[in-house]
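Each chain carries a letter (A, B, C, D, E and F) given by its place in the written order, and its residues are counted from 1.
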Amino acid sequence: MNSPERSRSLFRFAAPHNFYPLAGRLAPWFATAALVLTVAGLWLGFFVAPTDATQGEVYRVIFIHVPAAWMSMFVYLVMAFWSAVGLVMNTRLSFIMSQALAPTGAMFCFVALWTGALWGKPTWGAYWVWDARLTSQLLLLFLYFGFIALTRAIEDPRRADRAGAIIALVGAVNVPIIYFSVQWWNTLHQGASVSLNKAPSMATTMLLGMLVMAIAAWMYTIAVVLWRARSMILERERHTEWVGAVLEREAQGGRA
Amino acid sequence: MQWESWSAFWNMGGAAYFVWGSYGVTFALMALELVLVLRRRKDTITRLLRWRRAVGKDSARGSAKEGGTPVPAMESET
Amino acid sequence: MLSTFLAVLRRDLLLAWRGRADVLVTLAFFVIVVCLFPFGVGAEPNQLRAIAPGVLWVAALLACLLSLHRLFAQDHADGTLEQLLLSSEPAALWVAAKVLAFWLSTGLPVVAVAPGLALLLDLEQGALPVLVLSLALGTPILGLLGAVGAALTLGLRGGGMLLALLVLPLFVPVLIFGAGAVEAEASGTGAAAHLLLLGGGLAGALALAPWACAAALRISTD
Amino acid sequence: MLSTFLAVLRRDLLLAWRGRADVLVTLAFFVIVVCLFPFGVGAEPNQLRAIAPGVLWVAALLACLLSLHRLFAQDHADGTLEQLLLSSEPAALWVAAKVLAFWLSTGLPVVAVAPGLALLLDLEQGALPVLVLSLALGTPILGLLGAVGAALTLGLRGGGMLLALLVLPLFVPVLIFGAGAVEAEASGTGAAAHLLLLGGGLAGALALAPWACAAALRISTD
Amino acid sequence: MLEVDDLACLKGDRLLFRGLAFRLQAGELLRVAGPNGVGKTSLLRLVTGLALAEAGEVRWQGCPIRRDREAFHRELLYLGHAPSINDLLSPLENLRFACAAAGDGSDEEACTQALVRIGLANQLDLPARVLSQGQRRRVGLARLFLSARRALWVLDEPFTALDVKAVADLAQALSDHCAGGGMVMLTTHQDAPFAVAPRVLDVGAYAC
Amino acid sequence: MLEVDDLACLKGDRLLFRGLAFRLQAGELLRVAGPNGVGKTSLLRLVTGLALAEAGEVRWQGCPIRRDREAFHRELLYLGHAPSINDLLSPLENLRFACAAAGDGSDEEACTQALVRIGLANQLDLPARVLSQGQRRRVGLARLFLSARRALWVLDEPFTALDVKAVADLAQALSDHCAGGGMVMLTTHQDAPFAVAPRVLDVGAYAC
């Protein structure tokens, strides 16, 4: 079982006690990258990108709105992916990853809604309209909340892991269904009264700023999730010797 | 540069409320999340240390041997 | 195989009959929610007619939702669920029996009284068959999806409400197509596409939900 | 006297805090029901604005209603209620404490998020304070009346739904005046009369409901 | 003194017993005996005033309990089948609430002592939900140590789920209460090492 | 044969026991003993496969129970703390359903016989809700008389709430099952008149 080939392979990072130090080493790098990219993106967004011809300055919300919207959708997919891996391979780290992702995904989902609402008021005249895209984003937020509430409500971590994985997968099957149904519902009812206008004014600098901010959001997510997963690993593996050693080291560090 | 003055920048062409409302909340949330995540680590460590003292290292370690894990590489240490 | 299915089905129907207060009251809830609307919204007929399909479908959905938690709760509390899980038959089988019994005792009556209520709200008469059909196709989906949620939240504190949170996003497409079908018919567009989609959803849910639900039950009783 | 009141109040608030998932999820339910309406009814802003007060109030009412059954259920099942009835203090006292704790943990959050949802439905901004006020006066009445119903249906099979059936007729006047207040304000008529009536109702319910509830509890545990 | 006269109990269409009468004096321990389903639990609920008798009367210190319920309940401690324990609260919180609600003091120190004495020292802060059957039972029984001033203890199957040592301890505590002038009325199917053999009331003798 | 190897059980923060191992041969009656909260119920749930062990393995006829769950469950009868009785159904209906769901026959005649034998002749058609504690318990136990073909009986506190005569009858039935080549594994804090003194497994010896 302990064949050297296997422990040298990449797969060995699926073991929490190998992953823990690795995550600790990597996270600060991602955090730094996030910071640098954010500054760069904001500079691009506020000082390089020109004023939009039709919308004026409000459009500058786009530099967080779109990355946040992208992240919120992608994070859910990643969550579902880890859940599936966890159910099939029965690796605890996968469940930990999917649960560590959820709060960040929900946060971005909320940010997308919030910034979209604030953007909507000056452009559409209302904070909220029941447009298909907005609505499916709202439902996505509920899916996140459901996942988080369920995993929090169950105390036994093994049960929480698997129950959460099931609901994440069921939700993932439903995301496209929701998306299309909502689209159809909306077009049936009110036609294309609302559409996001983008193409004409989308200068390359804008696009660039948006992309930089999107990558920054990625980096931020990875850093935060790694940190969160570290705490969860300690919690789950508290009975093991290596966690004991880690704790002793921390205790000494704390006293020094 | 886009802006004639800092006040023009803060004014955002009259959309200050919407733009800064968006950015403000976003960064506040991210900062909050970071703080929570880092504090959670500290909490976890103090709590687990207290727990280890309470249950005694013996039983905490004892289960490590039994702590069968579905991940093969796990048992390789020691 | 079949004997377990039949035993569970028969027992659950018997229980529904013994506790017919329950069934009647689910119905009463449906009726009352629909009747509350004129009080809340005002009794303007045109407005009522416009919101009628939506109100009916939302009320049916809520009625199903609120009965869902008792799908497994009693059996969980008194240990019957443990016994069923210890039976050597595949769990998806008796799960299907339970959901069927649940639908027969909860969904079917709702489907049956819906036309009457629709008349109260002054829905166009031509749309009544579509209303019934959409409910008949939609409520079993609600039951199947809801069963997964009920299994996952079993025995959790605040389970009933957590269940609502979990399954409502999943119910939205059903609601959209269900209410959409009625509205399309009432406005003359034709409801065939909506109904087909509902049928497809039902087939999919029938094929997948019992398995997911059985897995969830095993997790929840661990 | 007061010590029993405080002991019960403190314990129930502690329980609400332990099971805060519950409280959050009641809220989530409120939010979700409100959000369901556009799916059923259609997304036309004018129509949504017109039905907004009614929808909000119906949703708040349902959220209260559906949490009601847990006001006494747990204590009944585990025997705590028997013990409370065996205490030598007047029962109306600790009943009041329970209802207060219930409202603080269920009604208050609903009141707090209602304005946000009102914006989703595009309700006129000027009517928001009246919405909050009407809910703040109305939800305690719902809690007090509902407590009587909850006490009467305690331990009955299908209690949750039977409860709904019993108390909904009592809730209707509250709904009418509550939603009416908001609508009146939105249409510029002024909501003072409605709000006064709600206030009067609250005073009456406060004076009578705890006694009725205590009597009902004695009957239910016999 | 507790006096019970000519009591009858009707359940559904079955008259469980009738003409049941007894006196319970200070210092006495009364064991209500009889096979399953004879009506022991029903009798206890009648005596505490939680249920209404078909016929007959229960008097406490000469006064019918229906007439002065408060005075009776101040002197009464009843522990039924249901342990009256909330699953979300810890044993300590449960006990403190039970005492406070009953109008006894809910001093934290005293409650902790009682729980330690009954063998839950390690479970003080666990939610009651995860306790074993016997531990749950003990949480309920801990109230006995804080209710010495209540003269009449009415206990329904107090020994259920307890291990051998706990049964002995509890029997000792009950004997002590009686020795101090209290009264105990209990049902049980198990033997327990009481200091003085209890008086036995056989409900079966009054069955119809 | 039931083999249990090196079993460990973790509850929350507490490792209840570890390294627990035993064999149960045909014809043996094993009594799991230990004070309240030591982990007896937890052990039974691990053995039946209802809960997941932290470590260790349970094998039935040489095959890990996780691998061939169906085969194991066909041979197993488990009666837990919860009586698995629906309050709205009569004892007869409850018993017939329990048998049918488990895949045993649910012949009305046989079920009635079993209920009469366990002393519920007068309660056949009452809703279970109104039964006394002991009578409820008996409804669950009646399954024993219909499950002779199941080799392994796992019973959690079967004697709770039963009166003296019922305890003796049940002990007799368990002894008979063993004499017929079956196996019984049970927990109890009460003494019962078994024909052969049962082997005792003290969970306390493996506690951490």
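What we mean here is this: a residue touches a chain if its C-beta (ideal position, glycine included) is under 8 Å from a C-beta of that chain, and two chains touch if they have at least 3 such contacts.
From a predicted model like this one, the values you see are computed outputs, not experimental measurements.
Between chain D and chain E, the least number of touching-chain steps is 1.
Farthest from chain B in terms of Cα centroid separation is E. Set against one another, C-F and A-B show the most C-beta pairs in contact at A-B.
Here chain C and chain D face each other with the same set of residues for the most part; over half of the interface numbers are shared between them. Seen from the C-alpha centroid of chain C, the farthest chain centroid is that of E.
Rounded to a whole number, the gap between the C-alpha centres of chain C and chain E is 45 angstrom.
Remark: chain A and chain F have CA centroids separated by 48 Å (rounded to whole angstrom).
A separation of 37 Å divides the Cα centre of chain B from that of chain D. In chain A, the residues that touch at least two other chains are 142, 145, 149, 153, 158, 185, 239. Shared interface positions of chain F, defined as residues touching 2 or more other chains, are 10, 12, 15, 52, 81, 87-88. Looking at chain C, residues 19, 156-158, 162, 165, 168, 172, 176, 222 sit in touch with two or more other chains. Interface of chain F with chain A (complex): residues 10, 12, 15, 52.
Within the complex formed with chain F, the chain E residues making contact are 11-12, 34-37, 40-41, 81, 119, 123, 126, 130-135, 137-138, 157, 160-167, 189-190. Residues of chain D touching chain A in their complex: 21, 24-25, 28, 32, 35, 38-39, 42-45, 48, 119-120, 122. Within the complex, the chain A residues that touch chain C are 139, 142-143, 145-146, 149-150, 153-154, 156, 158-159, 162-163, 166-167, 170-171, 174, 177-178, 181-182, 184-185, 188.
Across the complex, chain B is touched by residues 1-2, 6-7, 11-12, 14-18, 46-51, 56-58, 60-61, 64-65, 68, 89-93, 103-104, 107, 110-111, 114-115, 118-119, 121-122, 220, 224, 227-228, 230-231, 234-235, 237-244, 247, 250-251 of chain A.
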